[in-house]
Amino acid sequence: MKRLMTQTAKLGAAAALAAMLASSPALAGGDKAGKSPWGPQDEIGTLNMMTDASRQEILQRIETGKVYDLGVDLFVGMPDCCSAAFGDPTYQMWMIHAPARGDGSGELLSHSSEAISMNTHTGTHIDTLSHFGLHGKLFNGVSANEALGVRGWSKSGAEKYPPIVARGVLIDVAKAKGVDILPASYAITVDDLKEALARQATTLSEGDVVLVRTGQMSAWPDKSKLTLFTQSGLSLEAAEWLAEEQKSMVLGADNLGLESFPSTNRENFAPVHSYLLAEKGVSFIELLWLEELARNEVYEFAFITSPLKLRGASGSPIRPVAIPVKRGS
Amino acid sequence: MKRLMTQTAKLGAAAALAAMLASSPALAGGDKAGKSPWGPQDEIGTLNMMTDASRQEILQRIETGKVYDLGVDLFVGMPDCCSAAFGDPTYQMWMIHAPARGDGSGELLSHSSEAISMNTHTGTHIDTLSHFGLHGKLFNGVSANEALGVRGWSKSGAEKYPPIVARGVLIDVAKAKGVDILPASYAITVDDLKEALARQATTLSEGDVVLVRTGQMSAWPDKSKLTLFTQSGLSLEAAEWLAEEQKSMVLGADNLGLESFPSTNRENFAPVHSYLLAEKGVSFIELLWLEELARNEVYEFAFITSPLKLRGASGSPIRPVAIPVKRGS
Amino acid sequence: MKRLMTQTAKLGAAAALAAMLASSPALAGGDKAGKSPWGPQDEIGTLNMMTDASRQEILQRIETGKVYDLGVDLFVGMPDCCSAAFGDPTYQMWMIHAPARGDGSGELLSHSSEAISMNTHTGTHIDTLSHFGLHGKLFNGVSANEALGVRGWSKSGAEKYPPIVARGVLIDVAKAKGVDILPASYAITVDDLKEALARQATTLSEGDVVLVRTGQMSAWPDKSKLTLFTQSGLSLEAAEWLAEEQKSMVLGADNLGLESFPSTNRENFAPVHSYLLAEKGVSFIELLWLEELARNEVYEFAFITSPLKLRGASGSPIRPVAIPVKRGS
Amino acid sequence: MKRLMTQTAKLGAAAALAAMLASSPALAGGDKAGKSPWGPQDEIGTLNMMTDASRQEILQRIETGKVYDLGVDLFVGMPDCCSAAFGDPTYQMWMIHAPARGDGSGELLSHSSEAISMNTHTGTHIDTLSHFGLHGKLFNGVSANEALGVRGWSKSGAEKYPPIVARGVLIDVAKAKGVDILPASYAITVDDLKEALARQATTLSEGDVVLVRTGQMSAWPDKSKLTLFTQSGLSLEAAEWLAEEQKSMVLGADNLGLESFPSTNRENFAPVHSYLLAEKGVSFIELLWLEELARNEVYEFAFITSPLKLRGASGSPIRPVAIPVKRGS
């Protein structure tokens, strides 16, 4: 963390964060990568909960052709988690072929193509288990020395991830609390989740994709309102409750980094990240567009997305869809 | 075309192509962008055929939880359409954060992330209507002068594309012809498609996503066997039959560029591209992984994919899924 | 300009700038690209002033082996002119080969290489004549329609630029005014230049490379103090005096964009750029490191630099050197 | 090496190379990084030989204003060492601002800028001491674990390199042997160097920049004739003679990788690289344009170049100049 914090300071990000961390008590939190219950070869953690039967169960409850689009546009100048904070590359797109200039009519074919360059954690995206380890090891004991090269990880890369087809649940915390957007840095508690679920009359099941709404995306794409270090999100306790008690398969949120920032753990600037990815093998999705689901009070749905199979990558841009379903029995 | 051919020559690609083109008769083919039947504001062409009803119809026929993954891995050194031919950028991935070297145990958090850079027409991907126009105009009369900047198109970019949920059909031409891979540069005819459909006992319907299998991906990822200018693919006639008579919504194939290359039209190096995209508003998908569908003889399915909403882009990497359905009535 | 200003606003840059411009009187300034006195084929403007004789004259006055380095480091997170203002890509560097992790001793060869990505106007760099035109034409009447493609300009690109070997002169305006750094947005006048020259007992000659010091680089690399829209720099009048009366060959400054910003011409956000490049064919250098020359009061020197021959580029990173000379006769 | 060779094989490069290596005897060659005679903090090796006096000596012998340009153009599609061989990124350049399309006259300012992306070992470039180590250590005992991160090396990066101003000598081996281009894979011997020097009546001195001409650049930019694995270049013995007996400061050649390839040492695919960089601290320059010097028989000159200060980089593109000098005493 010291390294990242130093980097952050150099790049001009909030001194306030450092001060806050320096004065807060060190909280409990694991410091050791977990071992997979799915065996020593496992690289995808809780995604192993998905089976033909689990997919079939949710797909057969689809009762409509209405499809909700949970992904955001990717464009030059878009908000991102990490370019201002860490100097990471911004999203870029440029032309590699274009029709001739002038009126372009001189050429029969008007051919266009373009290239993009991006942090894989840009726009709506999934974090894979290789995104965070603890003390040099990923979930299931994979060490960087064995599995990391300049072109990524040989373990737990995005190409190992199956298409995700599962029951999805929206927990609209902002609505339950009667606010448009949760306060800056607000850490969602277990009670917040329970109250919102009760208010929605939604129950969670093992293997769900659980999407938590903070309301922050109502400010999209205003960069001044969407900054990693002031975002509301899950508390560690809420993440623990979802992963361990509710046995959720995948988590997600409408913010830049899932959890509340800044961390209150002075030793760990992203304790929910390391807990879910490194200790529990739970992947999660960030920068989800949940506004339409929320507006229409769609709390249960078939959730479908396919991470791009970016070999060795710790994340992948995705554009998930949600299709409303009949209430389960 | 002259421009592209010159470029190709400079970059060392097949002189044979030029020679072949020079000696072949000029074939018929449109030279004017089409007008959309969906109105002057339309930017997505035949994707307008998709409705809640059409999606519901196919989704409710799903009878299994088996999901076929139609996308390929993206990796450094992968085959692509255009880097050798045109000097286009290759797929690249690199680390922007990585655990400290050594045994990495000194740091609590082992943080990894990476960036990618790619032609948007890399790996399994969809071509949008902005990819090819005719005489300076895209489908529906959009001119480059009005709608193209250094950061892409304000019309018919990938961000305008809805998630695609539709009936999908595989036409296994290679299997119907009893070969592993169609011969180099073979142009699939209308009769080829009809025979394969008959052999499969599959019928096409309006609004289908039609995926044509040449067998070329059985050589994946051998770059020496996957080259644009020698690939088999659709003939112009076959594309016309699918678009106009069968009213297919989206086409696709297991090759680098949908159509047979080299073109036999000396004026147009990609006549199927310009016909489908610019004249008819039909989008299509390339580099599909159809091997498992073919092996299991799955010819009809729910086809689901979501192009990344890359603002202004003429294409997007995708990873579609196919879910088998009950036979339609 | 409206386009750039809109873009700037969208990207969150200073609303103050827009307000300032809206309330300022429109100033005079050319709106038409100039014609080269060096003939219709000329692409490098005043660099034609350089001859074997002019180079020999200055080289033979070298009296020392002391070499001043006028370039800055390029690094991830460095200040730049345009990433915050316009969404332009930041400087990036990443590994493409690295020794195996662990202790690395297992492999005989420990091979490293890396790639970079950058705006060509990053770090110490030269602006070529293709950087700014007026009403669609570069200096010497080159139109974008004829000479610009997705891979740059066929005219006035950096590859056309010769190595620059000329008499260099430092004008230390900050020192003459007795300040460390000129005030924000200060526009250096002709009198400022004259006074500084007099104070230094330096005279200008035809064909000089004239480097103007504002003192801003004493804040390098503090991004908060090095921002384009608040920088001090040349006024249009000062640029005119240097180009037309002093017949300087190349100009330069220790700031992000040579001239004072914001412009006081509401129609032209960079009037010195368009005057020098498009009207007069004068190239210039930005982000120069002049601190050591200033400290040692070295006002006259052999100036040597070679723009990278980036084909078609409107700029190139450079690292010039200055070698003190005997006073001229 | 095994790792690189595997990678090479996967990417389709010459199987012949592997076969050749497998059948050749293992040759002698160091396997341990050297210790700098300039002290434990040294990061630049033999560049320490350069002093004010050494620079002054050569600069004062300049007798002309004629400047030879030793750099090549950088352009999309250019030959490079490593993209085909290792999947490394190719040189790319793209527009980030461009005048509005149409006739462009609607806008007052016609603003262009562009970005580039490149392997730092592209075009004419210098290799720094961080480019090759032995068994995990760079010259002077720097370990990757201590000094390498995702953004390069904290030791021996290009930003540590001073501008290079020294006596340069061209050794035209191709001319001495009476050929346009040395045979493929020819390894230049010590005798070859001695004969060419004698023929030229040139003597070497301690601290020289020694540029060796093979003639290969007469084929520039034909990619089919400029390939790393078939290039002629220095033998290990010749490199040893230059570094140890002649005490050259910097070496250079008109080829993609200085030394003859393939290596005849089956354990080390680049023995001259590791000898010079890791054992002796000698930096070198590749892809030099020596054709004009050769044509004019300019064998002795002031050699001037400034590596870009790319922080942490193992190489930098450069564009050196050579200025003829009076014969030394």
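Letters A, B, C and D mark the chains as written, and numbering starts fresh at 1 in each.
Methods note: a residue touches a chain if its C-beta (ideal position, glycine included) is under 8 Å from a C-beta of that chain, and two chains touch if they have at least 3 such contacts.
Molecules present, by chain and UniProt name: A, B, C, D = Cyclase family protein.
Quick caveat, the model's predicted, so the values are computed rather than measured.
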item	value
Shared interface numbering between subunit B and subunit A [over half = same, under half = different]	same
Chain pair, A-D or A-C, that carries the greater number of C-beta contacts	A-C
Centre-to-centre distance between subunit C and subunit A (centres being mean Cα positions), rounded to whole Å	42
Centre distance in Å when subunit A and subunit B are each reduced to the mean of their C-alpha atoms	28
Subunit C: positions in contact with at least two other chains	76, 89, 92, 94-98, 100-103, 115, 117, 144-145, 148, 150
Partner subunit B, residues of subunit A touching it in the complex	1, 3-4, 31, 51-57, 59-60, 62-67, 69, 71-76, 82, 86, 88-89, 93-100, 103-121, 123, 130-138, 143-145, 148, 150-153, 159, 162-163, 165, 267-270, 274, 278, 304-315, 317-321, 323
Touching residues on subunit D, where the partner in the complex is subunit A	92, 94-96, 101-103, 115, 117
Sites on subunit A touched by subunit C in the complex	7, 10-12, 76-77, 83, 87, 89-90, 92, 94-98, 100-102, 117, 144-145, 148-150, 223-224
